[in-house]
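Multiple structures are listed underneath, in structure tokens.
You will see subunit A twice below: alongside subunit B first, and alongside subunit C after that.
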Partner chain A sequence: MNAVETWIKNRIPISGEQIREFTNEPVPNHIKRWWFALGGTPAMLFGGQIFTGILLAIYYQPTQAAAYESVRRISEDINFGWYLRGMHKWGATLMIATVILHQMRVFFTGAYRAPRELNWVIGMCLLICTLITGFTGYSLVYEQLSYWGATVGANIADNVPFIGGFMKQMLLAGTVYNENTLSRFYILHAAVLPVVIILLIAVHIVFIRLHGVSEMRFEDEAKDTPRSFNFFPDHLYTELIIGLSLLIILTTLAVAVPAHLGPPADPLTTPEIIKPEWFFYVAFRWLKLFSGTAAVISMGVVVVTMFAWPWIDGAIRKRNPNSELSVYVGIAAVLAIVGLTVWEAVVAH
Partner chain B sequence: MLALLAHSQPIKADIMTNSDPTPAPEEMDRRTVLTGLAGIGMALGLTGTAAGLAGIAGQFLYPSGGRPTAWVFVAIVSEVAPGAALPFVSALGEQIAIARQGEMGTVEDFIALSSTCPHLGCQVHWESVNNRFFCPCHNGAFDPSGVATEGPPAKAKQSLSRYPLKIEDGLLFIEVPVPTQVG
Partner chain C sequence: MTLSIKRNIITLLAFVFLASLLMVQYIEVARKQEEAGITKHHITVPDGSKACVDCHKNVSPGIIDHWIGSEHANTGVGCVECHQANTGEADAFEHYGATIAAVVTPLDCSRCHADVYDEFEASHHAKAGNILASLDNLLAETIEGSRIPFNPHAPTPGRPDFDASMVDGMSTAFVGCKQCHGAKVGLKHKDGGIITLDELKPDAEGMPTNTTILASIMKDKDGRPLLDSTTWPNTGIGRINLDGSLGSCSACHSRHDFSPRRARQPENCGKCHLGPDHPQAEIYEESKHGVAYRDLKDEMNLDAESWILGKDYSQAPTCATCHMSANIRGGKITHDPGQRISWTNRPPVSLAMDTDKDHKVVTEKDPAARQGQIVDTWEQKRNRMKQVCSTCHTGPYVSNFYEQYDMFVRTYNEKYGKPGLAIMAALKDNKLLSKSDFDEDVEWTWYLIWHHEGRRARHGASMMAPDYTHWHGTFEVAQRWYREFIPEVRTLIEEARHEGKVAEADACSAVVEEIMNRPEHKWQENPDGFGVKAPDYPLKPVANH
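Showing the complex of A and B:
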């Protein structure tokens, strides 16, 4: 036993004490409230997406001629294909939902404020990467929604001033959807974006470790409540409970509401009623309200404002330290997002 | 190999005993400058190579070549009555609405409208009840001549694009994009 231990210690020169020190970041007490444990949820879902995605990639074929049939085969012929595709689809839905909820929590608790502005920016990058991964994902099915979603998405890029035409050409591999387009979406979805997301998550966590989690005290807390608890095993158990709950929720959704397969892509006919996935309802409704360029520029202004919000908020609070403007801006933004999403959901056109 | 191993220790020992751990100041200066220059040179070389590779990757990813076009026969002019519409699908699958709107017998009688919405590229369809082309994606509408009347295309003053037409020897031709690789 001793010889084995020595062999291992020589090859992996780290002690149990060092591992404990490395993992036992003191976690602020407020994280015991579930609402504050949302950050790890999308990361866990992302892990699940990688697992199911790799399995789906074994049968998926990214060509116009074979894509739809390969997805049909996965859904109907391959053992448990329907389950893994359902898990992947619902995993994406929950991942986007939890990223948004996590961002809302960070926003409304002001956790983005100095010195944590850069981590907010990284979080914004993660939100955008997650949305693009969702978009490129449903483009791969090559059903009607996939084809027209990709066409509309590329033309939205085309409306970006100065570099729009270049972006569209790079995305579509031409001026219109063609035989080289699908492989680009596939590479983005299954290789480029996952790697970028992994790197961003790593930097996100490094920043959390460097700054520590922002601490919060609540009015209903007893004064002698300890300010922090250990990551291991206390918080790890919380994350395990979340992980198990997610598996149950995902399995229930995959079984009860299986991933749908719409009609195959028809480049000659845009369906009479067409809508993107729910997370793009806001943008889709916005695009109906304004001309293309006006809609794209205004959306760009919103995104840039979101990126810069920690500094905008900082400037406001410098003038008025008790300003609660950010809360009102947040409430207005949530109402606008929910309003536009519901509007798009309930009408045909 | 064995000989090499046998020699390895003495050689190392020689180096250790013969090497001077503190070089003369002028030698150290020269060494520092040379090392610095070499470092800068390597960094510049690597940066240049990386930039070159990025450029090549960009060129590789950017779609090469434009879409060639060709004149394609549509109909015999005398067989198309004024007011008639000719649905036409190009070799690339683009739907084109061709209509005769005059009786002069010249190319000005005809109009060829793309069915691709100028807003975000969805396909419009003809609504005879409303006498308009309609885009189901973002509610754009166009009159029979392709001019936008409602929705985002009207706000941006975008019309359905037109394809060039010509008449030769009583035959109507349209200029449309064709595949780059022809069988």
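Showing the complex of A and C:
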């Protein structure tokens, strides 16, 4: 051991062996199947969002007077600004999509069951934080639709019983969209929510490491298939393949379908058609089906049920261990989500 | 999947990602080159115009260059979309499989821009070609040039064709007046004459109803109707077209890029709105508005799609801002600039811009009859302009400006405009002037007072240019009034008296001396003009009103 190694060793008393042990935990064999790698995918996309987000934040100005112009400047004047904005926009879209897919995989494989209920709850929190980050991010563009989308979003919050008014007040920094609203969205989008997401991901991973990944056996597997494989390099290679594929997909999308910039926000002119981003189509259509408070309460019931599902499912399986109810509930939920999203997408109002 | 296969996939994907980054770099460089003007903007030529573009990029490359930079090109509007014509139209011809016409009229543009067409056709701009029998027309065609073709009186070395043909003195109007006001577009008749809409008698669709005349149109060897050079080329704003439509969109939206950016800049209007009789361009340049524009032009978002005052920009107004563009106070974009003008300062006496159903200024004096004719009042027009002003100025500021402007127009009208008209009418009625205009000094002098200096003064006041209001305006009006007009009128009267026209001379003298004995003209009697006390405000009402 030379002097430099000794110096480092004294100050960072971790051996190479310990690092290998820490990073090389055996990974269950079923994770070799690609769709079991969906948990790492949003995490990688989140890393990309932080990177492109920091670069965009250099030029973005969160005031009503300057926000739209700064986005236009990023899209049209700044070198590679259009590319960064495209990557960020499509990164957000893919991140939300992959979080939903990951959650669906966890649900249908029953990976939320005891003793992993708390990690499901953390996953739910991550889903909600991701959706709010998407909502606040789109609002920052300050184009006509994002402005009215935010206004409608605040009015929906207003319908929540008892605390609705307070929620709207906190979201808008007032009773109506005002000069302080954008900076509030900006702080939420670029500081508070990313930090919360990082903390939740950390706890999420700690729980995974504590419990280990729930193992699965498939019928077509050979009996002598090893039950696990090494994280390094085998699973890391898989994640690298996914990461590089994502970069290629994002670049292709940013070039082929660049981030659009609609007309600037005009508080005096309500657009004929107001649509949120696609990931809120479900909620938006639901709200149109019922009156304000009924819709908000029913949506609240759905969300609470989702949080509590591991325990509800546990209670059902206690009575009937072979119950397939969760699968049917899952299929119904997926059909409802897809149906409401497509419905909202194809109709004007 | 083995580790070695995974490694190979990773290597392959890494190369693909690097290639995608190179593609991004290529796009960025191409974009920057295009912005810097190093490369041309890439557009997709519509199928119907591919053959036109392929040929004309060699025959007339400038046209294609201009079009490539246009919004038309961006949105797939090619050559044929505008130049297309119907078989049977007077100027239509077959051109490589397409029926087209060279002259694109507002009626053609209305295929896509119907609202703009309606606004424009209602405007004074559209009627600018109707200048026949005006004093300006007489000056250009008869006095400056010649309505009578005349022989060349000495050879033009090198141009034997000039020695063999008569001089067309109407050229002064063709090349001067009508390039702004608009020509009546004509086709060459086989007999040497001209065929215009008067002969074609077009219907509402622009198709000629007199189809027998079509056989008389002279054509070139390719069958293309020949446009008469006394009427074409012409982009005058009130052009009278073969299809019956009035105007030329390219007067402001220059072909073939039709740039809104250019139309929003005052220099665009300055092609016609300048010079001794209506120096709006120079007046604007002098004004605070013009000064701010020159300073802040680069920040005015001139390429914006909507260009709404108070939203897309507020650094300075241009001609388009005040007279045509939208604003956040509710003002909608219009192609009828007269909708916001409350005085017409064009005639010898300014008139309140009450307009009738045909958008003409109401000249009726009887209050009840007048009210019956008015469709749009001067107050409505002023309020529209006030919407523009109030984007940057407070209400009282704008109102006070208009009070200043009204005060000034009244002063000119009452001290010079109306008295001048009365004196000229007296001279005419008493036959102290011949029937011809411009054959006596006093006619030239009076014309310069109202048509040049008087307009300069009023336009200067309307657009906040003090030097044009005063030194180029009322100073020159006063100088010409006191030092030329009144002395010339008095001389004319004395000459008539000597010729025995005593009654006529007395009648005219009574008119002139009554005017010159009014207090506003008796300043000569005060050796020290400042000895006269400045008025006490408020002014007293008019006695016996």
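The working rule: the second predicted complex is superposed on the first by the 348 of 349 C-alpha atoms of A that agree within 3 Å, B and C clash if a C-alpha of one lies under 4 Å from a C-alpha of the other, contacts with A are read in each partner's own complex, and residues count from 1 in each chain.
Throughout what follows, a contact is a pair of C-beta atoms (placed from the backbone, for glycine too) under 8 Å apart; a residue touches a chain by one contact, two chains touch by 3 or more.
All of these numbers come straight from a predicted model, not from anything done at the bench.
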Combined model on subunit A: subunit C and subunit B, fit or clash: fit
Subunit B versus subunit C as contact partner of A:Ala256, first or second or both or neither: neither
First (subunit B), second (subunit C), both or neither touched by A:Asp234: second
Touched partner set for A:Ser245, first subunit B, second subunit C, both or neither: second
Subunit C versus subunit B, contacts on subunit A by residue: B
Which superposed partner A:Val346 touches (first subunit B, second subunit C, both, neither): neither
Which of subunit B and subunit C A:Asn180 touches, first, second, both or neither: first
Partner chain(s) touched by A:Leu287 [first = subunit B, second = subunit C, both, neither]: first
First, second, both or neither for A:Pro264, with subunit B first and subunit C second: second
Touching partner for A:Tyr83 - first (subunit B), second (subunit C), both, neither: second
Closest Cα approach, subunit C to subunit B, once both complexes are overlaid on chain A (Å): 9
Footprint overlap on subunit A, where subunit B in one structure and subunit C in the other make contact: 268
Subunit B partner contacts - residues on subunit A that touch it in the complex: 148, 151-152, 154-156, 159, 166, 169-170, 172-176, 180, 267-274, 284, 287-295, 349
Residues on subunit A engaged by subunit C in the complex (per definition of touch): 32, 79-80, 82-83, 233-234, 237-238, 240-241, 244-245, 247-248, 251-252, 254-255, 263-264, 266, 268
Footprint of subunit A on subunit C - complex, ascending: 1, 3, 6-7, 9-10, 13-14, 16-17, 20-21, 23-24, 27-28, 31-32, 305-306, 311, 328
Touching residues (chain side subunit B, partner subunit A) in the complex: 61-63, 67, 89, 92-93, 95, 116, 119-125, 135-139, 151-153, 155-156, 158
